[in-house]
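Multiple structures are listed underneath, in structure tokens.
You will see two complexes here that share subunit A, one where it goes with subunit B and one where it goes with subunit C.
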Partner chain A sequence: MGYTLNFNLIWRHFDKLWGGLLLSLELAVISIAIGILIGLLLAVWYVSAGRAVRTVIAAYVEFIRNVPLILLVYLVFYGLPTVVDIAYSAQTSFVATLSLYSGAYLVEVFRSGLEAVPRGQIDAGKAIGLTPWQRLVHVRLPTMLRITLPALSNTFLSLFKDTSVASVISVPELTYGAQWINFNTFRIVEVYLVVTAMYLLTGYALLFALRLVERRFRAAH
Partner chain B sequence: MLGQIAYALPFLAQGFAVTLWVSLLVVVLSLVAGVMMGVGLVYGPAPLRWAVRIFSDTIRGIPILVLIFFVYYGLPAVGLHLESFWAAVLALTLFKTAQVIEYLRGAVGSIPKGQSEAAMAIGLTFRQRLAYVIFPQAFRRFLPPWINGVTDAVKGSALVSLLGITDLMHAINQVIGRTYEAMPLYILGAVIYFAVNYALSLASRRLERRFSFIRE
Partner chain C sequence: MPIATPANPALLDVCEVSKSFGSVAVLRSVSLQVTRGEVVTVIGPSGSGKTTLLRCVNFLESYDSGSIRIDGREVGYRETGTRQRRSERDLAKMRAETGMVFQSFNLFPHLTAAGNIMLGLLKVRGKSSTEARAIAEHWLGRVGLAHKADSLPAELSGGQQQRVGIARAVAMEPKILLLDEITSALDPELVGEVLEVVRSLAEDGMTMVMVTHEMAFARDASSRIVFMADGGVSAAGPPAEILGAEIDNERLRSFLARFRASHF
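Right, the complex of A and B next:
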């Protein structure tokens, strides 16, 4: 093999990885928050709208889901400013992209969740005289959120991993930190071992925490 | 503008061919590896099951991009020299194999235990049970998600552009570097990826519907 592991240089630059991990988490949290808003709005609109609106929403969802994330990241960061007069940092651009991206996945999640709300609950809401808006806010959305919670946490976990794509536009998140150490110290195997461990530990810690939350809010049968 | 793009079309077509070639290799290799490891996960002895479980959970727990860099920069460091093309194919295959393992586990797990027991009772060997009893039934559970997952291979293949492999993504960026027509070219690229992946997801949905009527 002829390769001796030496982690000293990794620890010396560990602030790059630690800061990167925190930024990755921040990007994922902001993006899923905006994505949830987009998803909720469009899903509620979708189930109550006519054919034209449905087609437009479905087109958005299918477009995002069938195009590589890296292309969307390039398109928003390098492409959009050439046709519209806006300027933004790489980080803002990436958050916008990842929010639109997660929004598209979450529309689908919330839409099927809304359809899974038992008919009887909605009828019961009608029977006690709730307005359509009250039925939405107090009956359909709470039940839908319980149903979709597992899918929501899975989406969050995969968004956390997707933040690695931000490195291609030099957002200093975890993968970017790994590449920086890779190119500047050449402790290649070490840095990717450490970064792999960081992604795994964070991911599984999040998974564990989210499963606890899910158990607390599990849909009552 | 259109003239420049038309001029670049043959170059983009070459890139697209590389995208398809990478995706095809990844899909075929991961299918073979994933089915074998999936069978190991379901039927293997405990150490093999743990090994496959750890492999799958590790691969699925890290970003594909990290996996690609790890394989591409890491292998030469330990003395294994692969061309960047094959390093990329290897990394994407590892990622896709983990997915196939989970599809297979799900599909085989959905077959009632009685099927296996009945096959054992009439004296079929392990291979015969798999070939004549389990796989034919598991197939219709496996196929729709697997075809849908092929889109992940096509989308993931765009990341190989970062290793300097001239796939569709890299070809687009190179043409933009010469023409500065960023938006039209990214949209063209998006349309091409969309066409391939949407066709695949439609096929997946159609198969799922076709297979659903025989579900118990």
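Right, the complex of A and C next:
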């Protein structure tokens, strides 16, 4: 009670939030790009491989899905360098973690997408004499992409929000920027209101853009 | 009626092919010879193995014993040593020698009508994109769809999609064309346009094996009708004989009677 909102201090430090937002987006984009690569490779491998490979891929997916992201971030940033002799920045470490994280989810997305490609289309590819690789590239992947696009958009949106976890290892993304301003100005309500609005607006804009892309893809089918 | 002779060897030679799904025998020692330019229609009740037989011819299905040869070459298995499935690469080459048209069209949804036809020409036949486009346009013209070259399958009617499906198969210049109930998924008013295309291909001398329920078409357009029942060839002969009144094959008679009762 009696608390007066004062946003002046927030605006004075707004560069921290703006820079943070851009970094959040950057982290999400790089991670999903690597994640898509991991997901595609493993999904294609999974559907064509034997039991041993499937078990290993399934173990990776289950491990990632059942461990909280924040713990994975700690494990990679603090844990890994103490066991093996590597050094990386917090940002690199986080991108690696988020890539592996999104990769695991995308393996599932792509795998079910590949399995949802109608058998008739694969038969048609066989019938004109396409090799298995050609069927994958020219028949299965395009159809899979169309099927999985909505799930891909959702994954990207989640990842964008998940970048806030990077604040725990001091990567100066949006949430970290908010904490910095909070520590230095104590305008806790104002700063988190502004940051919430920024996440919300950006997320909404992304969703809108992705739905547009999806619609264009759907129109083409 | 063309019968395979040393001077006119069978283009397609199915010899004692058997296949089971688990304990269910779907093909029981099926033999069938088709010579160049022949149009053979396969009729029979559902579950009689017609479609499975057709799918064995381009090895979309494997078979347990017997052999299937096209132009003297075994389709799915290596010709030397023990019976061993061909490599995927060899299978792809063999399959490119046959064309297939499917009941549910199976067009590639992300490619235009021309794109559907061009894919095999580009990737399998190694044509340039200009050549492939010209061939696609030629065949689209043949099936009356020159104006739909750049339409996606979703923008075409069922009959139009199936005509693209036929164009996609024949553009590859297959030695033999397999047609698997290609009008069964169509609205009745669209059947005619598709059969018209098949008829014109027959006139060009295209060798065809066609599984169909269109008896009138089988009677008018085929050189031979094969009646399958319970996974085996129950009767085979020229249309006049198979569809004629004097047939003494009890199963065929009851099939035709039931068929006429439901269709006329």
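Heads up, the rule we're going with is that the second predicted complex is superposed on the first by the 218 of 221 C-alpha atoms of A that agree within 3 Å, B and C clash if a C-alpha of one lies under 4 Å from a C-alpha of the other, contacts with A are read in each partner's own complex, and residues count from 1 in each chain.
Here is the rule we use: a contact is a pair of C-beta atoms (placed from the backbone, for glycine too) under 8 Å apart; a residue touches a chain by one contact, two chains touch by 3 or more.
If you're wondering where the values come from, they're calculated on a predicted model, not measured in any experiment.
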Look at where subunit B and subunit C land on subunit A after superposing the complexes, then choose clash or fit. fit
After the superposition on A, what does A:A49 contact: first (subunit B), second (subunit C), both or neither? neither
Report for A:G79: first if it touches subunit B alone, second if subunit C alone, otherwise both or neither. first
Hey, is it subunit B or subunit C that touches more of subunit A? B
So, does A:P142 touch the first partner subunit B, the second partner subunit C, both, or neither? second
First (subunit B), second (subunit C), both or neither touched by A:L9: neither
By the touch definition at the top of the document, which applies to A:G120: first (subunit B), second (subunit C), both, or neither? second
Thinking of the overlay built on chain A, is A:Y204 touched by subunit B (first), by subunit C (second), by both, or by neither? first
Partner chain(s) touched by A:V189 [first = subunit B, second = subunit C, both, neither]: first
Please indicate which partner A:T131 is in contact with in the superposed arrangement: first for subunit B, second for subunit C, both, or neither. second
Superposition result for subunit B with subunit C: lowest C-alpha separation, Å, rounded to 25
Touching subunit C in the complex: which residues of subunit A? 118, 120-121, 123-132, 134, 138-139, 142-143, 146, 220-221
Residue set of subunit A touching subunit B in the complex reads 1-3, 62-63, 65-72, 74-75, 78-80, 82-83, 161-165, 167-168, 175, 178-179, 182, 186, 188-189, 192, 195-196, 199-200, 203-204
In their shared complex, subunit A is touched by residues of subunit C numbered 58, 60, 88-89, 91-93, 95-100, 102, 104-110, 119-120, 123-124, 152, 154, 168-169, 172
If we count contacts the way the header does, which residues on subunit B are in touch with subunit A in the complex? 58, 61-66, 69-70, 73-74, 77-79, 151, 154-159, 161-162, 169, 172-173, 176, 180, 182-183, 186-187, 189-190, 193-194, 197-198, 201
